[in-house]
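Below is one structure, written out as structure tokens; the observations come after it.
Which chain is which? They are A, B, C and D, in the order written, and residues in each are numbered from 1.
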């Protein structure tokens, strides 16, 4: 049994950590912080967590007592909160973008921030870096779009089948966070589709950096907001140098993800869909025949709050501590 | 470890049983029937259940081998399927309306069917009949609307505070089942609200019969279809014979449901909402101050597929076998 | 051709006035105010109004030049803006609650404001007060809930058939306005139903005051927020002193609303639905048979932004100026 | 005043024709056919059209009396219905795919049908072929996806700036028609995104054929079903041979569509969205800066039922008869 803290427990990813860890047999959540809500019971902002007997507290990072801490804090805040805890020997899984980039200059350019406290961190995509995660003290949990996009592209890229990838992603609104804005208002989102940061979203460079470790590939990325609460559907368009059959691609993906509990490579031609992974830590991958112009399409679906954030963070924790990888992540997608 | 069968596993309630029982440490699902889909893997119709290594089969009731069977079959079908299994000593939890009524003539009137095979059954609302359920061989799982409505009204009625109740319910579309119809088409449901069977829904008499065991009360019921996948919000309007304070009502409900894991009586004035119980077996109950005309309002929210159907059925099974009542039902609501 | 101003043109009801008046052959919108957005083209906040060649301006009420002004301003603001314009001889249609109540003390109690500038105003429900509206200088446009609820109840009440009415209303999110809040966030509204101000919504007293002019009746009102952009479905539950047949009620309503273009009394048993009136100025009314307890149910559907606000305001203007009542309101509901 | 017939008036595009033509000052709809519903009033299937005093009839094509007929009939049916009417001198606007292709073999391959009755037809995209439409006797109304996609690409292609285009489209559910299927069930669509016919949708070849008239370009097309009632958002990804500035592209589009009432080229960087064109005949086009890989993105939004079907058909009729092009199409988008 380990003791776990959550910094920034009032947001959506904090709420997901609390919801999921409630099932974990090896974990006790002892601290859930929120400066604004210190003293309030959890259920005041998370009405679905009526049964959790826990209150928000306010703890300075340097005073934190825990074996592991999840920092569900905004970009720019984590870089000040994480280092004091790492120094104290607390393991940290950071859900912000602050420790995701190897190349700090890319981070600084795209996040518009100066990074004062770089640290060695492992990029926490288990299907990519499981062995490194086992030994990590600081894990940078991947962005939601990069999670779905990389999982869809990785076997192709690692096999060096293509040098140019276009990712057209569709995301649910929970990715915009818990704070009300014009972007996440019901009347602006419902019955609507809106492309945004069309050629300038900062998850593009994150995908670019991670895939570039595997082969020389250029990544173009465009997200769309769709009237969905949870989920990201990534549609990858690419033109392999040589034509490939769908059965070849299917076998490539099956082999690549063999043994990965949370990856389901679907039958050829079967579409990934958000409802199949809703509320779960699974990623569904769909493979389709090339079209007449040699275009190959791969699709993936994840729940942005679980596999794209809090579930993957727990998966990383399970790996770090040698727990069953599926602990508290067993639930299957909520369909319908 | 018991062996469990599901008859009619291709529908939504069948899918929910499979999804939830996947987590159960004491249960093995050995048979999942579908006449049309015999031989097909489960995931062909339940794409979220990719990980279940099980195929649909077709088994006659009299040939069924199992300790307990869930019959997720239509009204009118269950009455022919259930008796042969009960005779063989198999315990049965029936999710149809066929065994819910004590007064068969009421059933026959409202379902427009002649009932050929009446049997002794226990009405499977654990908060009402836990002791009887423990010893039951046949449990009639309550209707979705009656579950939410009865839980909202029961303390009031048992305390004999009112003699007339109006229930205005709002339900998600999954209650209409897995078969495409004009009623459950996206274009007819989305951005819409539609009252239906306004003064003639057959769940009205079910609520009436069950509440009448506790005191003399008349029940008027109207359902509405709202653009929601899962969930029922029941708004109960009633005029107590004498004025009551909201703190009195709160205390009444708190005491009535003390020890009931799946019932959360909210703070006075806090609204129950569907998202708080989405995907879970919980029922949230909201209590509000009387208005100037002496009207008292109680609200309740459930997930119609879980607490209103398959989750409650599993809860009943857990009670029948002395398992932990929360086995495979631990998950909290999926919000957002 | 008259010249029309809109004060508060940046909100939803202001946008609707602009959208609808664009079709009006007798009206030129010459002023559309927004203090914050003065100088900006309309389409910056109303992206659907790309074609309007008009900019926001900032004009003090006492400097306003127009034949008629719509004040789409918040409760409490209108009472300061309206009087100077009325004094100048400008006709005003106020969309706030400030001039709706005959009894100022009721207004002050429910709005929590002191009313400094009471004026004679006509309650702008054309089906109720057409003759008075013709001669009005100041029209108080009805609240959205009162519009749908009163139209559903009025024939019953005017015929003195009942003395107690319960209105259970379901509203779309646009009623919450253009400003982002936790209430109107997509993640809080979608796939959800939430009762609010359950026994204390200020539209209850407005309905009560208006219906009380026709007979002695007590009104209890509860609204719910549903995942819908536009529309209000009002379900009226009542127990007539004597039983009535549905054909009697149908005839009563048909006669009452004879000649009213915007009222459609549906065939008995046919449900009103939001999609049938979406984007239009129509009100659909559904009549249902009494249930076994003598409960009679009447339902109505309106678009809260059109019949419940800006469309009705234009209807009032048409009546005041003797224009065709349907001018710029001809469009039928947008279904699907 | 001309007399107009609608064949297949019970479907969604038929309903839209009826709804929109209700506003037309020069048109009387004299015949609205539906074999199944002959004798029934229109509002029985189109509950929003309560005010239309018209009944469905059943008329053989050879007995049709009208100046112009809209055939809102399925692919494969139109080819038998259209020729007898054209022979009688009736002008026809066909909303099916039967007369869209110049190359019949492409049609036959992608629709899996043999075409028995080829006729000369004009492809009814006014922004492309206005002059030909003026003189046409048979207009083939474009597919919904081709309408949005072609309008987004045409200036680029006509200017020969690129030789490869990827179109990633997101469509509302109304495009799937009025018949209930698993595809258009609420529970399968809501809170979901589903790619379909990923590399094999027959609107791909339609776009390919039409754009190929303007330059040598390869078109790859993938549609997605999103939880939206109406609307298509087309995201065009392309890599111009030489880099282009966004202001250059903006000017190119502004010039290309100068004088086109129904095309709004948005400010650079402004996203097209479905809500801005909902219920209207407008097409919004968004232009975005190239990304670091030289990818240029153009987006467009239309209402698939109006600009993508019935509205465009009426626009074509207006052009054929020299009516005001905007007659019965004046309404702006319904936002929110």
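We take it that a contact is a pair of C-beta atoms (placed from the backbone, for glycine too) under 8 Å apart; a residue touches a chain by one contact, two chains touch by 3 or more.
The shown structure was predicted, so the numbers you read here are calculated from the model rather than taken from an experiment.
A comparison of the A-C and B-C interfaces places the larger number of contacting C-beta pairs at B-C. Using the average of C-alpha coordinates as each chain's centre, B ends up farthest from chain D. In summary, the interface at A-D recurs among the listed pairs C-D, A-B or B-C; the equivalent pair, sharing over half of its contacts by residue number, is B-C.
Between chain A and chain B, the centres computed from C-alpha atoms are 35 Å apart. Taking the mean of the C-alpha atoms as each chain's centre, chain A and chain C sit 45 Å apart.
One simple way to say how far apart two chains are is to compare their mean CA positions; for chain B and chain C this gives 38 Å. Touching two or more other chains at once are residues 12, 174, 187-188, 190-191, 227, 229-230, 273, 275, 278, 336 of chain C.
Of all residues in chain B, those touching chain C in their complex are 164, 166, 168, 170, 172, 187-188, 191-196, 198-200, 204, 218-220, 222, 224, 226-231, 233, 235, 237, 269, 271-275, 278, 286, 288-291, 293, 295, 297, 299, 301, 336.
Every residue of chain D that touches chain C in the complex is listed here, in rising order: 12, 15, 19, 22-23, 46-52, 174, 190-191, 229-230, 264, 266, 270, 273, 275-280, 282, 284, 305, 330-336.
The part of chain A that touches chain C in the complex is made up of residues 12, 173-174, 178, 180-182, 184-191, 227, 229.
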